[in-house]
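Chains here go by letter, A, B, C and D, matching the order in which they are written, and residues are numbered from 1 within each.
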C-alpha cells in the first residue's frame, strides 16, 4: 500500500474509533497522526479532502450540502497548504543558514581566539556570548614577558555579521601592534589610528584596555568610550565605578587617552563588561547597574569563572532567552 | 464586530453562496478569503471549528457523527496550526537575516570595493554575483602610474560568510603590497606568504593576476591554481585556453609562480572567470566550457559589460535561478 | 501539441474566467478535487499578477501528452514591465503579502514544472505544468 | 491560588491521563473546543518530553484567577538531566522532528504565558498559562 493509502486507512480508523467512544485516547491518536502527517509532508488540504471522502463513505446519505461545503473548506486550505510548504523550505534554509553560521563562527573563533592566562594569585573568569550568531564583542588576554596580564574588551557599535567583519579587522590591528604593550593609553591611541583609517566611517568601536602588574598589584587602564567597569573593595565590601574618559575608536585620529590606575588588594575584584550586560532589557525595563551588583554579590563566594557563568545564566532567563545585544563579562579577582 | 466575528460572517456568506450556486466565482472568493485569513494570522484549526459551527447552524439535523468527526479534524489541524505559526516566525527571522546580510554585504562592498578603470583603447566588463548573500569571489582593478591595467580575480574555496571573512583578509594584504605591482608572479608570491601565515589552514584561495600594458599591448599573467581564462583571437575567430600553472595560495609559503604573456591585437579579448561560471550545474549536468564559448560568441558584437551581463542572465536561468557557486566573469577587449 | 484555449486578463472578473477554464480542462483530464484546487489557485495567482503588475495579458490552458503521461499546461504571458530580479522574486519568504506563501514560488510549488522568461520593458512569459498521477 | 490536580508521568498512557485532566479543567473553566485542543496539545507535548527525556515526572493542572480573569496553568516538573542550552531549545526551527513545529516553542505558542527553569542534572520546571478570553 502506498503512503497515501496507509495514511487514509489510519485516519479512517481513528475517525471510526472516535465516533464509537469519543475518548481522549483516540484524540491523542489524532494528535500523533497529525505529527506523522507533517513529518511525511502531507498538506492540510489533502486531509480535508480525505475527511470529505470518509464522510461520504461512512454515511452515504449525508446531505449533499454538507459535502459541497467541503469544496470551500478545501479551497481555503490550499492557501494554508502553501504557507505550510513554504514553511518546510524556510526550515531547510534556516538549517543551512545555521550550518553556515556555525562555520563562520568557527572561523571567527580561530581569527579572534584568546586563552585566559593562568597567573598565580589572580583568578580570571570571562564569558562572551553573541546575541545572534557572530560576536560583535571581543575580548583578548595577553600575558607579556613581564608576567603582566593585558586585557582588552571591545564592542563594535552594531551586531551580527557586519560587526563581526569589523571586529576581525581590530584583531589584525592588535596583532600587528608594536611589542611595548605596557601602556594602555598608548595601545588605544595606536588602535584608534588604525580604525580611523580602515573601517567604514559609520562604524565605531568602544574599547577598554587594562594591564595588571602582579609585582606591584597595580591595575592600569584606559577606556575609549567603553561601558565603565566595577571595582570591588573586599575590605569595605563596596562596589565603585571605574570611571575613565575617552572618545570611541575611529572618530578622530588624533585622540589622546588618559590612563588610570588602581591598587588591587587581596580579595578585590575588577569587573569589566560590554553594554550588553547592563542594557539587557527585561519585561520590566532595563536592568539597573545596581541590580547587576546585587547579582554579583549573590555569587561572590564562588570562583571567577563560575560567577560570570551564573550571572549570564540569570540574565539570559530574565530576557526570556533572547539576548538583545552581545554579552561579555570579565572578572579578575586577586587571591589572598 | 471584532475580527473573528467579521471573518465568521464572511465565511458564512461564502458557504451559503456556494451551496446555492457552486460557482467558480464563489470558490475564487474562497481563495481570496484564504489569503485574508493568513494575512490576519488566523490558524487553520479555527477555520475547521468555524466550519463545524456553520454546519450545525445551517443544518440543525445534520447527523451527530458528522459533527463529532470534526473533533478529530480539529485535533489534526492543531499540528498544522503550529507549523503555520512557526512559519510566521521563520519568515520574520528570514527578513531580519536578509536585512543583516544586506548590511554585511554593504560592509563587504566597502571593504572590497573596486572600480573598473577607464582606459583608451580597452573595453572592460566585469560582473561578480554571490551564490548566497556574501561573496567568496573577489576581483580587483588597479590602474598604475604607468597606465598599466592590473586585474586580480580570486576565489576562496568555500562560499558564504566564512569565505567572505577570508576574502577581507586578502584585501588587506593586497592593499599593503609594495608599490611595484608590475610583475604578476611577484604579486602572487607575496600574497601567498600572507595567506599561508594568517589564514586558517583549511582555507585555500585561487587567484589569477594579470597586467595589461597599453604601450606594448602585452598582457602578462600568472595563476595560483585558478580556473584558466580564454583568449579570443579576432583574426581567426578562435578561442584558446590561457593555461597557466601554479599552486593555490596558502599551501606552501615558498611557492614560486611562473609568468606568461600574450600579445593583444585589435579586437582580441581576454576572458577571466571563477569556476562558478564553468561549473554552473544545470538539469542536464555541468555546463561545458565549450557551451560557454558559444554563449560568448552569441554576444561577441556587443560591448564588454553587456556581454558579461547577458551571459550571467542566461546562466542564471539555466540554473533555475539558484546559483551553486559565486559567479565572476571579466572581459577585457582591445578596441580597434 | 494540444489545443490551447486562452482568456484575456483585463480585469478581476477575467481571473474567474481563467480559473473556470483551467478547472474545466483539469476535470476533463481527470484531476481530483485537491489537484483541481491547486491548479486553479496557481492560475489565480498568475492571472492576478498580470492584472496587478502588467495591466493586461493572457492565460492559456493546454492539454499536453508525453509518452503515456497527460498533463495540463498553464501559459501566462504579458507585455508588462518585466521582472528585474527573478532570483529575488523566486526566493521563498520574499513576497510581501504577510505569510501568504503564494507569489511565484507558490505557483512553482502548486505545479510540477515551472519556467519563466522575463525582460525589462518587454514582458514576462511563464509556463507551468501539472502532470496527472 | 487554586487547587492543583496532578498526574504522574511514567509511561505513554499517562500522557492521555494528563490530557484528560487538562481537558476536564478546561471545560469546567469554559474554554471553547479550539482552545481545549490547544491546551491538550501543549500538555501532550510537555508530558511527552518528560516521558522521553526525563523518564518520569508529573503534570499538574491548576485553575488560576487574576482580577476578573480566569485561566488554566500547566506545571510540568521532572528531575531529569535538565536542558544544557535553553536558548537553543527555545529557538524556532531547531526541533529535529521534521517540520512539526512543536517542541517547547510550540508549547509557548499554544499557551499565553510560559516560564522555564532548568538545571543540569537537577531537572526542569515548566509553567504555562492559558487565559480565558
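Just so we're on the same page, a residue touches a chain if its C-beta (ideal position, glycine included) is under 8 Å from a C-beta of that chain, and two chains touch if they have at least 3 such contacts.
Keep in mind that this is a model prediction, so the values were computed, not measured.
Between chain A and chain D, the centres computed from C-alpha atoms are 26 Å apart. Centroids built from CA atoms put chain C at 43 Å from chain A. For chain D, residues that reach two or more other chains under the stated contact definition are 37, 41, 92-93, 99-102. Shown for chain B are the residues that touch two or more other chains, namely 27, 31, 35, 38, 71, 75, 78-79, 83-84, 86-87, 90-91, 93-94. Taken together, the touching pairs give a contact graph of some other shape, not a line, ring, star or complete one.
Every pair of chains in contact is given here: A-B, A-C, A-D, B-C, B-D. Of all residues in chain D, those touching chain A in their complex are 15-16, 19-20, 23, 37, 40-41, 44, 86-87, 90, 92-93, 97-102, 116-117. Interface residues of chain D facing chain B in the complex, by the touch rule stated above, are 32-34, 37-38, 41, 92-93, 99-102, 105-106, 109-110. Residue ranges on chain B touching chain C, taken from their complex, read 24-25, 27-28, 31, 35, 38-39, 41, 87-88, 90-91, 94-95, 316-317, 321-323. Residues 45-46, 49, 71, 74-75, 78-79, 82-87, 89-90, 93 of chain A touch chain C in their complex. In the complex of the two chains, the chain B residues touching chain A come out as 11, 14-15, 18-19, 22, 26-27, 30-31, 33-35, 37-38, 44, 47-48, 51, 54-55, 58-59, 62-63, 65-66, 68-69, 71-73, 75-80, 83-84, 86-87, 90-91, 93-94, 97, 100-101, 103-104, 106-108, 110-111, 132, 134, 160-162, 164-166, 168-169, 172, 198, 200, 203.
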